[in-house]
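Next come two complexes built around subunit A: one with subunit B, the other with subunit C.
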Partner chain A sequence: MIWHVARRELLSRLRSPFAWVVAGTWLALQGLMFTLILGVYLRASRDGGEWEEESLPLLSGLIDPLYSSQSLLLLLFMPLLTMNLLAGEQRGGTLPLLLSSPLSTLSVVLGKWLALLAYVSGLLFVGGALAPITMIWFGEPPLMPMLGAGLGLLLLAGALGALGLLASSLSGSQLVAAVVTWTTSLGLWMLAVLETGDGPAAALARHGSLLVHVRSFGQGLILGADVAWLLAFAALGLLIAWQRLESWRWR
Partner chain B sequence: MTALIARLIGVLGALAAVVTLGALAAAPELPGLRTLGLTAAVGLGGWLYLDWPAVSSWVRSRGGLEAARAALLVLLGGAILSVAVALVSRADPRWDLSPGGRHSVTSQTAAILATLDGPPIEVTGFFMAAGDPVAVRHRAHWDALADAFAAAGPSLVVRTFDPDVSRREADQAGVTDNGVVLISRGARKERLYAPDERTLVTAIVRVARERTRAVYVSAGHGERPLDTVSGLSLTDLSAELRALGLAVRPLDVSRTEIPDDAAVLIVADPSLPLAQAAAEQIDDWLDGGGALLVAAEPGRDTGLGPLLAASGLALGPGLVVDPLVRSVTGDASTPMVARYGLHASVRGLRTPAVFLGASPVIEAPHAPTEVTVHRLAETSELAWAESNPGEQPLTQGAGDAAGPITLLALSERHPSGRSAGTIVLAGDADWLANDGMRNPGNRDLAVRLLGALANEQDLIELPPRDLPQGSLAMDWLDQVVVGLVALLGIPGLCLGVAAGLWIRRRGM
Partner chain C sequence: MIEVEQLTRRYGALVAVDSVSFSVQRGEVMGLLGPNGAGKTTTLRILCGCLGPTSGTVRIAGHDITAAPRLARAALGYLPEQPPLYEEMTVRDFVDHAARLRLVGRGVRASAVDQALELTDLQDVQRRLVGHLSKGYRQRVGLAQALVHSPAVLVLDEPTSGLDPTQMAGMRRLIHQLRGQRTILISTHLLGEATSLCDRVTILAGGRAVASGTEDELRAQLLAEPSVRIEIEGDPAECAAALEAMECVGAVQRDGRCLVVTLNTGTPSARSAVNGAAAAFGLLSSRPADGLEELFLRAVAS
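The block that comes next holds the complex of A and B.
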């Protein structure tokens, strides 16, 4: 059932020009960031100096900044990609039809989330593949940190997708859903600014900030606690979205 | 109006309850949780009290029951997920994918930390989290190091404070500067400034030890000094040994008993021979398992000849001449080590050490059952022991011993099968002095040899972090091509598909 919903959702997305425009814009921005970061890295490598105290120029000078830029793009685009997931069904009047079908609400939620994840993974792969291909073609990059960064992006996409799905279940307005997702994810991201220090605010930032839990992936370090936090974040979002959708059945 | 206020209070109370429950599971150390919990209770209680008629009728309706079930499910799910995150955080599994394991301590450091027993050692770093770029970079380096050490085992409690923010902690520790790291266990304390891995682990070992082991340098007979900075003194060697966690102190063996904490005794170029009583004291101490390094300049009597001879070591006649060095420096009397021996004390050494005017070291007659002699460092076959150093130019004569010439030898004494001390003999003292220690080969040899004699091989074998850099080389044309593909090629493809779909939908 879940796969059926996911397949239908993914195909419907791929048949939508809007999804391809979003993908094109995303990939253009990703390409711009890659070109800029690559240029800065190559110039700094030629000039020397900027990274002279760093022990891993390619990791800290290229892979990590690329990972950060892709994370920011996820933050920017996930609200646009998720706003329509359930709010569109509510607004278009197809939600009652969906709920009266033999599909369980859980399979609807999980199917939509998986379809979104597949679409975003495709974008990350297509857009992100150029960087490793370039690095392998023109140099000798460390490959494992790039795989770690890919895992981090996938987990972040899962967490933000679940948040977007939840926001989309709260209102029939796609705009409201996008704004809620965007402000919440940005707020959780920006919480990291409180991390500088040792007080309660810093502790709260260390435990609650999205940025704190995703940044080590780009540095070639995968922390089990971060993986668990991101998975739990996604699971909680999906759980609430599921219960929210369930509430439509008895209304 | 009352109902609206009540519901608002209820929502705030519910939010506080969720945050409290999550924090209790994931981060129970967070301050203010009690207040937050109280806020949750007051909020939820206030809502129930103020809005009870509506609440009671809603709860009895089907919607109320379903909502309560959903809320319970969400709360239960949230609690389970929080506990799961807390358990994983406590176990702290980590996978370091960076080249060279940048985020982890080396296996040698991990092995050393694993041997620490007793109560945990506190490692507290005071680094500013914000400020000028240098401070921020120091903090980032420290954070990575602290994480790696904290993950290395339960023997350490690693904490970090910003001295500008955590004034109380900084004052208590007496820290006024940025970049200070304090290592303590009980009354034993060490203070470092922005340490690297090797400095930190040696300091931790120093603090962990009940007693500091010491290297004593013989004094009182015109030996090389420890407290005067000159080319002939031993201050650089002393600094290297201190970095290994060893105390370095002078000792007049003619007047003072060798202390219990002595690991190694160095006798470096005494201008007056040591008295027989001093030699006997050293012999007795060696019998108890001590280690002696004798570095004698050519022609000088150290007073330890009989002790050395009984251990199978002696200085041969003449001066070592090395034509290999002459071809580089023009001075043939500074022989270079061409080969290190197989003994553990010099194993793995690559960089050649240079001796600055040395007597050859030879094996004295000895009983192999009681003494084993190892050649630690030799010249090439081209060198020889010149019996007439005044001869100009220096040429190998018939009476000169042919190379390879031993520059450094070690004797292990084991009468009746029991270990009774180790003696190392060098026919030169300058290689250990500041002039000689400028050569990296001399530094490596001295540190490894003395570290081995003091049983500190683990710390010596901590290698410098040789982290792979990765590389990328592109010219401007490559950059342009990659930029065009990234900016126009891939996005253009997507926009083309979008246009195609749009046209198809419009039936154009």
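The block that comes next holds the complex of A and C.
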């Protein structure tokens, strides 16, 4: 049943010019960032730089910066990709089709979220395959950190997707949904600046910042606490979005 | 097939639907009549699971919408006033999607879609995008999605709203075809539509059901002195004198070759007696002098 909602969502997204414009822009920015990061890496490797080694480590010189750039693309684009998910149903008058069907509202929320993840995974791992292929072709990059970075991006996409879905359930306005997702995700990301020190603000940053829980994946680490935090973040967003959708019956 | 008991829906302090009760039998076509804001759409949205009731009971095909919502919704097809359409899909893909949402099995899904498209006469446009269709076609696509899972109950909210006269006639023909096969509940504020399509009507006003029944039953409920308009071949004066002498007749007024006979009682037997007496004067036609419009206005005013 979740699959029926996900199928329609994904097919409609692939038929939408907006999705292809986003994909084109995403891939162009991804390519540009990869070229810049690769250029910096090659220059630093040639010059020796601060590492004073024969060549700069691939993990800190390429994988981590690439992971960070992909994370930023997710922060930038997820509000655009999620703003229509439920607000569009409300504005387009298609909500009665879903609410009058035997499907549960939880199936609707999960179906939409999974379809979004499938599309974003396509952008990240199919469209973005150039960077890892280049690294594997010309060097011997450590595979586990690369897979860890991929897992981190998927978890971040899941968390931001759930946040966007929740924002999209708040009103019929896509603009409101996008702004809420942007401000919330950027706010949670930038909370990391308070991390240093001891006070309650630093504790809040360590526990609440998206960046704090995401950055370890780019450094070749898969920490159980970070995985659990991101999964819990996504689950909470989906839970609230589900309850919001259910509450539309009682307005 | 549809049982509504003491249904109430509040929006804060506003009572949109106030203790409404009615039932629709299997195969029957029931009209929900009422002016704008009477609570028709709210009632239908509750029946279809799009809104929750504040109190009261609704059973669809025996399933309580609160206790067994998914079974109740599975037995029901719903066409809202604005058809819920994904404009980027083709007609066939959209109806197929509706079939999936209504849990039509994979093995029979293609034939169910074919049947719905055939019934709504959409085969010729099945490959076109929904967003490129005219209003009349879009309404038919909306009906196809409501029919694709062969529901026992069909709920149509103002199905001819916004259509031109030709499209209206087409939509009414479609609903006529479904008569007897499905239990149908239609909301409308068009009295002609209610007369031509419905076996019975329930009139809503201010969120309350103020009258319910067939046209004759409404006449008996709402008119203290129902009247019959008859047309005869013979002498109207002689006929009027004969009718005035009858016990069930209160008064007779002449209107050209027609007579408007006010009855003392609204029972069908009184009308039959008047028709029998008028037959001796060459009865050409006999119909209630008060149409549904008069009944509707009286019900709403009451």
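Simple rule for what comes next: the second predicted complex is superposed on the first by the 245 of 251 C-alpha atoms of A that agree within 3 Å, B and C clash if a C-alpha of one lies under 4 Å from a C-alpha of the other, contacts with A are read in each partner's own complex, and residues count from 1 in each chain.
What we mean here is this: a residue touches a chain if its C-beta (ideal position, glycine included) is under 8 Å from a C-beta of that chain, and two chains touch if they have at least 3 such contacts.
Predicted model, so just to flag it, every value in this text is computed and none were measured.
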- With the two complexes overlaid on their shared chain, look at subunit A and say whether subunit B and subunit C clash or fit. fit
- Message: One more residue to check, A:F138. First (subunit B), second (subunit C), both or neither?
- Response: first
- Message: Quick check for you: in the superposed arrangement, does A:R15 touch first (subunit B), second (subunit C), both or neither?
- Response: both
- Item | Per-residue touch tally on subunit A - higher for subunit B or for subunit C | B
- Task: Quick one: classify A:L62 as touching subunit B (first), subunit C (second), both or neither.
- Result: first
- Query: Is A:G93 touching the first partner subunit B, the second partner subunit C, both, or neither of them?
  - Reply: second
- Message: For A:G122 in the superposed arrangement: first (subunit B), second (subunit C), both or neither?
- Response: neither
- Task: Could you say whether A:H4 touches subunit B, subunit C, both of them, or neither, answering first, second, both or neither?
- Result: second
- Please indicate which partner A:L103 is in contact with in the superposed arrangement: first for subunit B, second for subunit C, both, or neither. second
- Message: Looking at A:G187 after the superposition, I want to know if it touches subunit B, subunit C, both of them or none. Which is it: first, second, both, neither?
- Response: neither
- Query: Once the two structures are placed together by chain A, how many degrees is the angle at subunit A between subunit B and subunit C, based on Cα centres and rounded to a multiple of 10?
  - Reply: 150
- Looking at the superposed set of three chains, what is the minimum CA distance between subunit B and subunit C in Å? 5
- Query: Both subunit B and subunit C touch subunit A; at which residues?
  - Reply: 15-16, 250-251
- Note on the structure: Counting only contacts in the complex, subunit B reaches subunit A at residues 23, 26-27, 29-32, 62-63, 66-67, 70, 73-74, 77-78, 81-82, 84-85, 88-89, 91-100, 102-103, 129-130, 137, 160-162, 165-166, 169, 465, 467-474, 478-479, 482-483, 485-488, 490-495, 497-499, 501-502, 505
- Task: Over in the complex, which subunit A residues touch subunit C? Could you list them?
- Result: 1, 4-5, 7-8, 11-12, 15-16, 92-104, 249-251
- Note on the structure: subunit C residues touching subunit A in their complex are 11, 45, 48-52, 70-71, 73-74, 76, 78, 80, 82-89, 93, 97-98, 100-103, 145
- Item | subunit B-facing residues of subunit A, complex | 15-18, 20-21, 23-25, 27-28, 30-32, 34-35, 38-39, 41-42, 45, 53, 55-59, 62, 126-127, 130, 134-135, 138-142, 144-145, 147-148, 195-200, 203-204, 207, 216, 219-225, 227-229, 232, 235-236, 239-240, 243, 246-247, 250-251
